[in-house]
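You will see chain A twice below: alongside chain B first, and alongside chain C after that.
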Partner chain A sequence: MSSIGTGYDLSVTTFSPDGRVFQIEYAAKAVDNSGTVVAIRCKDGVVMGVEKLIVSKMMLPGSNRRIHSVHRHAGMAIAGLAADGRQIVARAKGEATSYESTYGESIPVKELAERVASYVHLCTLYWWLRPFGCGVIVGGYDREGPQLYMIEPSGISYRYFGAAIGKGKQAAKTEIEKLKLSEMSCREGIIEVAKIIYKLHDEAKDKAFELELSWVCDESNLQHQKVPDELLEEAKNAATAALEEMDAD
Partner chain B sequence: MDLIQIRGGNLVGHESDSQRTQYPYVTGTSVIGIKYKDGILIAADMGGSYGSTIRYKSVERIKPIGKHSLLGASGEISDFQEILRNLDELILYDNMWDDGNTLGPKEVHNYLTRMMYNRRNKFNPLWNSLVLGGVKNGQKYLGTVSMIGVHYEDNHVATGFGNHLAKPILRDEWHEDLSFEDGVRLLEKCMRVLLYRDRSAVNKLQIAKLTEEGVTVSPPYALKTHWEFNSFKNPTAGAEGSW
Partner chain C sequence: MEKFDLDAPHSTGTTIIGVTYNGGVVLGADSRTSNGVYVANRASDKITKLTDNVYLCRSGSAADTQIVSDYVRYFLHQHTIQLGQPATVKVAASLVRLLAYNNKDMLQAGLIVGGWDKYNGGKIYGVPLGGTIIEQPFAIGGSGSSYLYGFFDQAWKEGMTKDEAEQLVVKAVSLAIARDGASGGVVRTVIINEEGVTRNFYPGDRLPLWHEELEPQNSLLDTWGAAATGPEPMSM
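Right after this comes the complex of A and B.
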């Protein structure tokens, strides 16, 4: 995957002879180095989970949020450079409120993803801007039902049943593919996402991590919110239990 | 008075640069609010007058704001809707922080005051008198903001005709720790007087209750009125030929 783009990688406005824009690929590497973000679309909603790596014991739990609400019905989980992520979230919030102001209804998730992807792409077109060093997963619930979109630093946006970005994304994707998402409810989905994140967390390389879980589903009244504390505890316990079971084998 | 402005070469500004005070078109009449034992009670009728015509009879003039506040408005209905839009965005952004803290009635009251006063300074007021009540962390709050930005808080507030007809009743009969039934009875007494005497009042009202637990806006109902006064019978008895 990695190749040295000597000479062709100094600016985002330069193509390499084989048609690649190296700056964008390097931006993607920033995303690959961050804690994993896993999201799945269940039959009644979307669940998003983040493996928030704790850099310092001095940090208060619950701070440095990686999952943000963008409007009542949609949320975003960020992987990569946190500061870049903040900008994207702010922009998404602005787009969502301006859409509602103009059209009188909540922004459809597809529209939101398109606008955010457009903005991310914008920053890959000019030499005086650098690409965003973060990947974003947008989860929302509108008239078309629950939807999940992933936006990469290149500005590409696709709709997914299940998506993962960050360090453990390969392992996460394998796990997600094993799940029967079309029959799963969000309650079950929470447990599954927690299990996946706990499973692919590398104890050796990274020390502690905090699990951040959010959902938007029928049960949450179509609002995007943090998973309620009791369910979060339940998910964490189930995930640790599953890990121990695996280790015992 | 001529406004001489220097703007990009124009010595005299365009007429469109200066706003004049508007006229209200569709208006709501009085709103009354009181504190009671468990929280706040606000009453308002559901009329929207178009000048002297009572054009709309199902206008909801009391709305919940976030989890902790209630807003009642008299005056221009379209301006009230605009205020609600602004507050909706304010509450949305507050909710999205998701940091365990939410805007309470005091903060919303202050925000409204700023909004009204700044518009007034531009000679383009939002033509409303607002009643803002709420409960947060056990603390009851009841305040009012006028269209020119005059604001204060009190145990009982009223707008429009309510100031003249309801306030005296409230001053006499309001006391600390009213029960819910007593509070409603007091409000209904005031609303009844307004119904008799305010020509823009309609007999269809809502009473909204806000406590620590949440907001309830009652379904619309009508007050019983009494017209069987002797003087109303045989009105021409003392003056034959008149009507």
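Right after this comes the complex of A and C.
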């Protein structure tokens, strides 16, 4: 669906004759080139997983985290330009703490997503700013239950049962649609997310990757945290096993 | 001889009370606004609405508490629109506290926030002078409350019914009125629960009498027994 926007794509404050803002669409392309992020909302929580492509063998495993905790009860997974993502996470953390200082309660996930989306959108309104080159998935658990929101570089934010951004997002979405999320627990969800990420990782194009998994659910005491190591290992093993089974066919 | 400065800042001398019960809260207050020994308003309403489900009991400076409640009502209204549902009692109390704490040098306001929300049920928060916030099963405030600490220590119990709680509040306010010169008038109560809000009114002469209090009398003539003829009307 790409087209050249010659002449109308030099500034984010210019519309094209057919009503598009090309700079925002180009920002979305930056997101599409990054490692896949997959997130699902299970019946007792939210699971988020990232296919973190490893650029160099010298990199320490566990560094360059793509999933961040924004507050006790909510986390964010980033796809796209990592540095842009850090800005968004910093802003989200600020919003969450300032809400709690003012209102005495944890920020509702919906409110957090709306504030972050507002901020991302802000940067598409002025010529002296460029849009954020990253998409963000917000997963949290508040008194309305577990919730999942996705925010695109345009500043659009929707609530989802399952969402994916990055390279393998089309394939990931097809896989997510096969799952029965309303009956799934987070423990099962972890395995499913790992399987999806392993499945859509392209061995030919990108060599190595590290799997980052996080959850916020009843089992984690409503805290957003990295999935515990044993469960992470379990998920990785199940995913590799599933791949081998497929290959064997 | 005391000079009456009728333009001096008005104080709500006051007794205010907030009590939780099994299913909601009961707020109560007297109705005297005093200015030294002059009673500026003998029927004031010290229980102010912040939202449909949260009310505020005001004591201290009348002006200060009115302004604070106006601001909090405004902020809560915006918050409700943003959130898409009624605010919780805790949020209302947090906003009251922010104003009370950040302006502590200028304000003289002892406040009790009480209400009901669907997540936490009935809740009472005290925000005394200085701007602390403390969640309590019951709270008392105002000059008349000094006389009620012992009373509540003995009479308060967990899990009262709505009627028990209201009777407790009315009794307490009337006890305080009996002893505190800056409290008086009528007793107003506001009951807030899942069903909604009920306002009640107890005129001064329908309150129980305490130790050494006399029956209210309409005229000294009743005491003197001039029942038969009565005084002659003045001729103009």
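Keep this in mind: the second predicted complex is superposed on the first by the 249 of 249 C-alpha atoms of A that agree within 3 Å, B and C clash if a C-alpha of one lies under 4 Å from a C-alpha of the other, contacts with A are read in each partner's own complex, and residues count from 1 in each chain.
Going forward, a residue touches a chain if its C-beta (ideal position, glycine included) is under 8 Å from a C-beta of that chain, and two chains touch if they have at least 3 such contacts.
Please read these numbers as outputs of a predicted model, since none were measured by experiment.
Taking chain B and chain C in turn and counting the residues of chain A each one touches, the greater count comes from B. Shared-chain residue A:Arg20: touches no atom of chain B or chain C.
With both structures placed on the common chain, the touch criterion links A:Lys93 to chain B but leaves chain C unconnected.
Of the two partner chains placed by the overlay, only chain C lies in contact with A:Thr102; chain B stays clear of it.
Judged by the touch definition given at the top, the superposed model places A:Glu111 against chain C, while chain B stays out of reach.
Judged by the touch definition given at the top, the superposed model places A:Arg72 against chain B, while chain C stays out of reach. In the superposition on chain A, A:Lys226 contacts chain B only, with no contact to chain C.
Common to the chain B-facing and chain C-facing surfaces of chain A is no residue whatsoever. Within the complex formed with chain C, the chain A residues making contact are 102-105, 108, 111, 143. Residue ranges of chain C in contact with chain A, taken from their complex: 79, 82-83, 88, 90-91, 93-95, 97-98, 119, 133. Residues 85, 89, 92-93, 95-96, 98 of chain B are the ones touching chain A in the complex.
For chain A in complex with chain B, the residues that touch the partner chain are 65, 68-72, 93, 97, 101, 225-226.
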